[in-house]
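Presented sequentially are two complexes of subunit A, the first with subunit B as partner and the second with subunit C.
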Partner chain A sequence: MEKISISSTARTPAVEFDPVARTFVLSGESYPEDPFKFFADPLATVNAFLEEKHEGPIHFEFRLTYFNSSSAKVLMDLFCSLEEAASRGNDVSVDWVYAEDDDNMLELGEEFSEELSAAKFSLKAIAE
Partner chain B sequence: MDALSFLNFRRELSSRGIVFSYSGYLNDDILTGIGNALRTKLALDHTDAKISRGIFSAFVEQVQNVIRYSAESRGPELDEEGEPVDDPYLQEIRYGLVAIGDHPDGVRFVTCGNMIETQHVPRIKDALESIRGLDRKELTKLMREQLKDGPPEGSKGAGVGFISIAREANGRWEYDILPTDDANYCFFCFEAYF
Partner chain C sequence: MSSELLAQELETLAWCERLMEEVEGKFPRDDFERLHKSYKRLLKDFNRIIRISDRNELRLQNLSEELTEEKAKLEGLANQLSSYLPRQVFESIFAGKQTLEIKTKRRLLTVFFSDIQGFTQISEALQPEKLTHYLNQYFSEMSRIALKHGGTIDKFIGDAMMVFFGDPETKGDREDALAAVAMAVEMQQRLASLNLQWQGEGLQYPLITRMGLNTGYCNVGNFGSADRMAYTIIGGEVNLTARIESACEAGGVLLSYETYSLVQDHMLAIEREPLTLKGIGRPVRTFAVTKFYGSATHVNEELPVKLRLPGNPEGVEIHPSELSMPDRIALVANLRSIADQLEGVRDDKHQTD
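So, the complex of A and B:
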């Protein structure tokens, strides 16, 4: 399985995935013309990774500052995959990182975390 | 050439508080372009960060609605296999109107209008009436539930665009649908307030 490293653009987030270190980071803004197309390849790899049983901890980090409603659907599907991976015995932790004055991202993080119970979830406020 | 009539056109827009307006065929490049100018204007005005984000978000969702669903569309041109041709200028564009501005009382608005097929009117009305009166918390919860259930039939996105706008606008939005001379089409207008 290969590493993924996609740089951010004005409308698409940066995607960093390392299957050996078992880490994933999504950061920036996400409102692509077609989110399903943008995320199709990287998430096919990530989902294949999550299907497997891993010995070490798996860490996913979300550092988004804005995403549109179609991207929210992609995130929801990814959260469901993370929960399934955890419920199959993987050690999955998810960090939702938001700027401390961004109540909107905090609310969205809280709402998305409703999908997680086997996976560990943390909200992390950072100073801008 | 009559500059006065065009100046009067601008005055008409200004009298409605409109700062940004576009009427014509839209595609994603227009969304990016107006979006950048809008964010620049909001930043230069030192607009409150929450209000700026809400306005920008409502703009993105509403313009994407026009780009995906306006009943007045052109393109793309198709090849013999029925696939879009490989030419950046022969792709799909859809007609709609966008206006962003502020009323004298300080309330800012993001408005979009486009033609819709009359057969879709009941579905759109039902969807919007079902979220009328919901507050931000209720809309956030509903958004998650709908994202999980998957998009309704006929949706090209997540099917939560209006819920998302209503949420950002803290439940302050309105819509109207007018019949047109052509019984097959109605004019749909949606406005969010910040």
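So, the complex of A and C:
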């Protein structure tokens, strides 16, 4: 399975996925002109990875500062896949990292955490 | 997210759950469960998307309000700053027509210079506060007239004022020159009535100005450095205008031949002694404005007019063609002031735009 490394732009987030280290980081702002086109390839790889059983821990990190509704739908699907992977016995942890004064991103993190029960979820505030 | 908004969907979900129980064994339960699970997830996603969307909208709304406030603040600041720049230049920059680069271009401009005769003596005779008061009123009135005629106020240098016509907006060479001369004449007229008003307030010496105009090609644009620049004009024609102005009679308007030739159909003028200027090979022809008509109908100046006063049936005969412009303007201002006093009209009636 290939590594993924996509740099951020003004409208799209940075995507870093390392299947060997079993880490995934999504950071920046996300309001691509065509969200499904932007996320299609990386998510196909990530979903295929999550379908498998892994021996070591899997760590996903979200460091988003803004995302639109379409990106939210993509995130919800990804969270669903993470929960399913965890239900299948994988050790899945998710960090939702937000700026400490960004109440909006905190609330969104809380919103997404509702999706997870088998996967471990943490909200992490950072100073800007 | 209120459950009322999704009442129908929730009812469908409940109905699906009831149906699963009712049709136990008659319909594959796995299919039902799959359908139920998908619908439940869809409903949850939909619910969440609406919440996210509402939150984003609220955030955008707040940002929009902040931006509106910032915009108002910036506009207020820009308006304050606009007083430090020629209005046309300021508007041109804000409309995106002007770039803030050290760059100049050549333009045919009509340049205007004025200064107050004997300003040093006046400033010595007046308290600084009084001087500031009169000078500010003078410049305010002159600026108002300059803007009214479309002039670009380049700068104030002590008691002197520099205005040009033809950039950043131009109405054509002739129209620009005409507007410049109309402005100068109106300035002298206004100053004559201001002097009467100030005399009443106790100003001992009237402010008498000389005005010079010239038309020619100048370099216009941003001069200076990237840190500090000024939109101004330079060139031999600008210097020539300053020299013409210094040769002007007190209270008069003196034109170069180049300006005169563009506006001569709208005025009467007397040719003055040519000026011999350092650096200019041939003498410079100049013309003193005696009467400016603008677009008004030409009046026969040859016929004398009579001013009849009570107790003096013979009256005083005035020959318009023999009057210099300063005398004519002073006489008009005096007669208007007398008429206003007789009618009980305040002076600011004449401050029209």
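Quick notes on this structure:
The rule we apply is simple: the second predicted complex is superposed on the first by the 128 of 128 C-alpha atoms of A that agree within 3 Å, B and C clash if a C-alpha of one lies under 4 Å from a C-alpha of the other, contacts with A are read in each partner's own complex, and residues count from 1 in each chain.
We take it that a residue touches a chain if its C-beta (ideal position, glycine included) is under 8 Å from a C-beta of that chain, and two chains touch if they have at least 3 such contacts.
Fair warning: this is a prediction, and the values are worked out from it, not measured in the lab.
Because the two structures share subunit A, they can be overlaid on it, and in that overlay subunit B clashes with subunit C. Among subunit B and subunit C, the chain that touches a larger number of residues in subunit A is B. Judged by the touch definition given at the top, the superposed model places A:Arg11 against subunit B, while subunit C stays out of reach. Of the two partner chains placed by the overlay, only subunit B lies in contact with A:Glu33; subunit C stays clear of it. Residue contacts after overlaying the shared chain place A:Met76 against subunit B and subunit C alike. When the two complexes are overlaid on their common chain A, residue A:Leu108 makes contact with subunit B and with subunit C alike. In the superposition on chain A, A:Ala48 makes contact with neither subunit B nor subunit C.
By the document's definition of touching, neither partner reaches A:Ala21: not subunit B, not subunit C. Clashing C-alpha atoms with subunit B appear in just one stretch of subunit C from the list 9-17, 27-35, 45-53 or 153-161: 45-53. Annotation: subunit A residues 68-69, 72-73, 76, 80, 104, 107-108, 111 touch subunit B in one complex and subunit C in the other.
On subunit A, the positions that touch subunit C within their shared complex are 68-69, 72-73, 76, 80, 104, 107-108, 111.
Subunit C meets subunit A in the complex at residues 41, 45, 48-49, 51-53, 55-56, 59. Interface residues of subunit A facing subunit B in the complex, by the touch rule stated above, are 10-11, 31, 33, 66, 68-70, 72-73, 76, 80, 101-104, 107-108, 111-112, 114-115.
By the touch rule above, subunit B contacts subunit A in their complex via residues 28, 32, 36, 49-50, 53, 56-57, 60-61, 64, 136, 140-141, 143-144, 147-148, 151, 157-158, 160-161, 163-164, 168.
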